[in-house]
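Remarks on the structure that follows.
The chains carry the letters A, B, C, D and E, assigned in the order they are written, with residues numbered from 1 in each.
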Amino acid sequence: MLAFLHQVLSGLATGGIYASVALALVMIYQATHQVNFAQGEMATFSTYMAWKMIDSGFPYWAAFLLTLVFAFVVGVTIERVIVRPFYKAPVLSVVAVFIGLLLIINSLSGAIFDYTIKPFPSPFPSDAWYGSPYLSSHEVGMIFVTLMVLALIFAFFRFTPLGLAMRAAAENPVSSRLVGVRVGWMLALGWGLAGMIGAVAGMMTAPIVYLDPYMMFSVLLYGFAGALLGGIDNPWGAVLGGFIVGVLQNLAGAYVVGTELMVTVALVIIVGILVIKPSGLFGRTIVTRV
Amino acid sequence: MRFRTSLLTAAALLALAGPAFAADAPGVTATEIKIGNTMPYSGPASAYGVIGKGETAFWKMVNEQGGVAGHKIDFISVDDGYNPAKTVEQARRLVEQDGVAFLFNPLGTPSNTAIEKYLNQKKIPQLFVATGADKWGNYKDFPWTIGWQPSYRTEAEIYARYILQEKPNAKIGVLYQNDDFGKDYLAGLKDGLGDKYAKMVIKEASYEVTDPTIDSQVVTLQGAGVDTLVTAATPKFAAQTIRKVYDIGWRPLHFMTNVSISVASVMEPAGVEKAVGLISASYGKDPTDPTWKDDPGMNQWRDFMKKYMPGADLADASYVYAYGVSLTMLQVLKQCNGDFSRENVMKQAANLKDFELPTVLPGIKLNTSPTNYHPIRQMQLEKWNGKTWVLFGKVLGGAGS
Amino acid sequence: MATLDTSRPAAAALFAGLSLRAWKVIGLAAVLAAACVLPFTISSYQLLLANQVIVYAVALLGLNILTGYNGQFSLGHGAFYAIGAYCTAILLDKTGIPYWATIPLAGALCFVAGFLFGLPALRLEGHYLALATFALAVATPQLLKYKDFDFLTGGVQGIVISGPDTPGGLPLRSDQWLYFFCLLWTVPLFVLAWNLLRGRTGRALMAIRDHPLAASSMGIDLARYKSLTFGVSAMYTGIAGALGALLAQFVSPDSFDLFLSIRFLVGIVFGGLASMAGVFFGAIFIEFVPNLADLVSKAAPQAIYGIVLIVCMYLMPTGVMGLLRALGHKLGRLVAR
Amino acid sequence: MSGPAANGAAKPLLGVDGLSVHFGGIVALDNVSFRVEAGQICGLIGPNGAGKTTLFNVLSRLYQADSGTIEFEGKPLLRQARHAIAPLGIGRTFQNLALFRSMTVRDNVMIGGHCRARGGFAANALRLPFVGREERTLGERALRLIETLELGAVADTPVAALPFGTQKRVELARALASEPKLLLLDEPAGGLNHEEVEHLRDLIGSIRDRLGVTVLLVEHHMSLVMNVSDKVVALDFGRKIADGTPQEVQRNPEVIKAYLGGEL
Amino acid sequence: MSAILETRGLSAAYGPTAVLKSVDLSVPQGGIVTLLGANGAGKTTTLRALCNMMVRVSGEIRFDHQRIDGKATEDIVRLGIAHVPDGRGTFVSLSVEENLRLGAYTRRDRQVAQDFERIYGYFPRLKERRRQQAGTLSGGEQQMLAISRALMLRPKLLLLDEPSFGLAPLVVQEIFRILRGINEQEGVSMLLVEQNANIALELAGYAYLLETGRVVLDGPPSTISSDESVRRSYLGY
């Protein structure tokens, strides 16, 4: 029973990582109706910047804030320079561009910072959480940060005119222009904010999994699964989805089939749930009349 | 012009197709030897690409120092993305298009497996392959393929014998990467423990390279009551394992694969104090271990790095590996005495006698013969004391194959 | 192969006064003739590359039937390529079946696998289908190396097989024979796809892509069509995998990583969605651009690959065939003037 | 082509009985019953949101009914699969267009005839002889419809490039290509000017008279509905409020109050 | 009365296909102008061209004495031109209220809350459904929403593309009554594209007749409706 509890808690910790990436995906989806496959690599690259700054003597929080600014600027720039010419291109062409971006950023991380892993500091105390062997204080802190980001995103989309305009721009650019929304900047802003959220996710993930160019590669996959499972148009659902994926993975590995097929089983379960509930557990079904 | 080139290519092809005479020496001209190599410069195993870069720098150094017996080395290293299908294509490019004399240190177990048959059929040496699998000493079936480093299986066998001796009632758990590398450790433990394996190994847990963490696996192993842990994980996961084991207050007797004992890229990220008591076995010197700070052998390597790979990460043990294996290759070329035919190169590769490398542990010597295709078959156990690895016991030879 | 283009009057036809159809036939014959002469003019290594391009083209055609024509997004077609390859490798390794007989068996197996996978996939669209198919690509290597299947798959070590020998009496090297063997499969597969896609079935596939609801109101059984399309698509890609196994003479889980599926997707997008001729351009791209990138930079070959990809998409947002069609229209208008 | 249905048969072509549909808490259709005899043109009118399009969507099995029955030629319709509706002989158009936008007019119309051919995957891939014959028949019929509806000039243009009104005609041609016995038209006059509406009226008339197709017509264009219909059914808030000849319905006070307003 | 909107030689094309050929239009300050024409004559394209939306435009457009041709759609809208597009342009995944809030997106004044009540007064149906996803509304309700959203901008000029499309006769009368009220009370100018020529000419003070992208006839409603071909094609009496 204790072991079971332990598995669940450690799953929650991993799930927290997925949840934080899922939030970045929700952000970009709400703002552009696209799933950016390069999101994880952008987060990794931002985390490298933070590492570089801390390594050269910046205090943690200064580096943290500067990294957020950096990630925002990078996000906006990528949108303006690389993605923008493709807004009229077919969806799959855009997907190909995202794949290209993923390869470029991943490769650059490796070329600039090489492939050996780097330890990344945590802003939280380094001892275990209240002496508990189950969760470290960083893991608890990370879950807390994720929930905070979630609350911010939720409030942003729900209560601010800018959030509303962003959702509108993603859904229907033509109509958005007709109500005076500057669609181009909304999309760029969405990329910038998603970049920032990704950077937070990266800086929270790195102390746990260590920093290397592939740090976010698989995290993105599970974050994506979590976001879809919970509902990609719903930040709460996405975060919950992330936690579910984390716990599910652990339990599947520990109790169902053994570790060698753990990924397979977890994915089969996720896809199975989606087949039954095609818009995610908490996603809204968009009804359009014919 | 074009026509001529294709004629020349055709001629080269004809030469390849015919029986190889020593005098033909494909890939060798009066002034040059062409050596081929495949590496994962792209894809998930790109971390190993630095080996290829180190080797390229090494041959540049050799050429600047005058080459081998009046021959410059044309080292052609190409990307296979760690995809065996691509390796096949690239190996054939190297042989048929570029006309290399032989392949040196192609990386990856599946990649080498994919080209082994082709190269042996064509009687092209596949020298000092960069993989720790055990199969690379099969001189009977594949006389043109030779390994270099001690196999993972040998290493695991050493751990198994140590456990049998020191802790005969151990409850062993294995944490392994779900690929050829990890599974070789399972095989080695089976070799070493024999029929006790089923009783002693009470839990096996694997992870995928795509898993973000191994927390769940560590918890599972602890939960199963394991008191002796053998970890076959790459550096990132090794560091995670050491830290997680410590953090959950678990103190098993912990063996760590030789792949992941770098001070800079495993011990320090994991937390040097969390790794105290960790046992491993090694054959090479760790560039980040203070023990070798003033070691003349390692200084030789450092000089090379300073001059030919400025700016490279000196903590990366892959460069030490590249240097060591290249030195071995150089020795073989020197032994060839000017006859760089494929037969002679292979013959000399299988004729190393007590060759010593500056980058391997003192007392370890490289030996090969027509019936011994395992150049390095010795390792020494070592224990982490919180600051450095402390060697203990004798230099051990695996029973090997 | 641009001559396969179905659409509107091409300029050249008007120009020469020959019917478009006649030009297509002439062009196709020329391409086929060139394909037959090719193996006698290039080196054995170049032939390997050419052969790999042909094999990829078949795989891409499979994916294009599903994604380009039917609008079902797959990030997991590498899995079917793997299943096809393993089917051939296992049959050659474990049974006495002749190599040529393994190809249809691999195709049949993949058809069934694709059809079965298509059933649950029916309920998923867009990103959800992408996730499901991606999951397939993740799961396949894991299953291939699973310990209980070791006895068949050879586990992580994979299976080494022998390539086919030239049948007695033919004056061909074995690699030349292998090329013709692949061609013998490829040409009929393209003809079948051509027939399939330009008739009633093809129209139904495209109708489903454009407006599934309206399509079902026209009496098109979505479930049947979509899952059968998945099956046919998997069959094509699976046959390509089987031929690819003969080409590499080796299969292992590492040969079919996630990036294979992604490369297939890149291939059809680069060549042009819903275009049969485009798959050849796509195949050329995914085969040669990595080599090119490797030549340019050892430090970051994938960055080069990514840049080339993005620049190509920038210049040709609808792929090579999209560009050719647009050029054709322009030319057509010029000539008509 | 199906022959003109015999009038006076005991069973109506379409019989809707006690039909109710709910979306969440909203009642879209509330116990609606009416019948359409073979060969009739039946107008369906009512305020926006009264449930007219919902009724169409239930008939084409896009929506599920909560209770009630629909019989078509005496057979229960609600047990049929969505894709079985067209083969039974019910064709439709959509209020906001549901064309296959990237495909040409000709292909759109040929897809309309999908349910009148049978070549499947294997037969098509192998191009069996009967497939070629079917293709020719389908192609010829499509061509005739294209000409009838004056679409000849744009036959090989992708429909996305056409003006709204033209697309509406493509939809009509597509629906007719399925050789329906019952044709559901959802606001065919939307976006048409007076002259075009007159054409449309003649067209609907001739579809019934020449092709023997029964028509159920949702339309707000009152002069069209009243001129062309044999009977009119009026809905409001999902309930039927009137059912009768155009004149009867037009004079019905509830219809005037809910729908027509003071003037006509 | 000066013109709030004026075009000189307005042409527009979709890709290579020219649709509008040198059209001169004028909408007087506070006036209502209607565009008549057959299907494909270029009416919708005219409205799109004015907003620089989805078409390639050339020629001169003045709004409030200011050149607006070449400006981005959103900047044109911010000057006070609201467009009720064909096909309604509903944000289907957003609620009815969010759609309306977006209508007032560019406004910074404090009267937005009152305007909600005004709109709900016009269309009680929308108030009932304000929390509902707009995509679930019926076609007619979405048309009401589109007009309401445009009104939320408090525009100086309203471009209406077939406001009667898909609406029941009673609602059409109601909407045109509302439009007339807005025009009279708030002085909002309107450019109206409408197939229902009777009601359009009743509302408008001036009309243009388009044929294949050119103005072939213009004048006050009485002049227009006395033209024989207009009577036959558009009015039916």
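Simple rule for what comes next: a residue touches a chain if its C-beta (ideal position, glycine included) is under 8 Å from a C-beta of that chain, and two chains touch if they have at least 3 such contacts.
For clarity, every value in this text was computed on a predicted model and none was experimentally measured.
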{"item": "Between subunit A and subunit C, the fewest steps along chains that touch one another", "value": "1"}
{"item": "Centroid comparison with subunit A (C-alpha atoms), farthest chain", "value": "D"}
{"item": "Cα-centroid distance, subunit D relative to subunit E, in whole angstrom", "value": "30"}
{"item": "Chain centre separation in whole Å, for subunit E relative to subunit A (CA means)", "value": "42"}
{"item": "Rounded Å distance between subunit B and subunit C, as computed from the means of their C-alpha atoms", "value": "36"}
{"item": "Centroid spacing, where centroids are CA-atom means, of subunit C and subunit E in whole angstrom", "value": "50"}
{"item": "Per-residue overlap in subunit A, given as positions that touch at least 2 other chains", "value": "107, 110, 221, 260, 263, 289-290"}
{"item": "Junction residues of subunit B - those touching two or more other chains", "value": "42, 44, 46, 49, 178, 208, 210"}
{"item": "Interface hub residues of subunit D, defined as touching at least two other chains", "value": "53, 62, 94-96, 98"}
{"item": "Subunit C residues touching subunit D - in the complex, by the definition given at the top", "value": "8, 192-193, 195-196, 199-204, 206-207, 209-211, 213-222, 228, 232"}
{"item": "Residue ranges of subunit A in contact with subunit E within the complex", "value": "161, 164-165, 167-168, 171-172, 174-183, 233, 284, 286-289"}
{"item": "Complex contact set, residues of subunit C against subunit B", "value": "43-46, 48-49, 52, 138, 142, 145, 155-158, 160, 244, 247-255, 257, 259-260, 290-291, 293-294, 298-299, 301-302, 305"}
{"item": "Contact footprint of subunit D on subunit E as seen in their complex", "value": "14, 17, 36-40, 44, 86-87, 125, 136-141, 143-144, 162, 165-174, 195, 197, 232-236"}
{"item": "In the complex with subunit B, residue positions of subunit A that touch it", "value": "2-3, 6-7, 10-11, 13-14, 17, 107, 110, 114-119, 128, 133-134, 136, 205, 208-210, 212-214, 217-219, 221-222, 249-250, 253-254, 258-260, 262-263"}
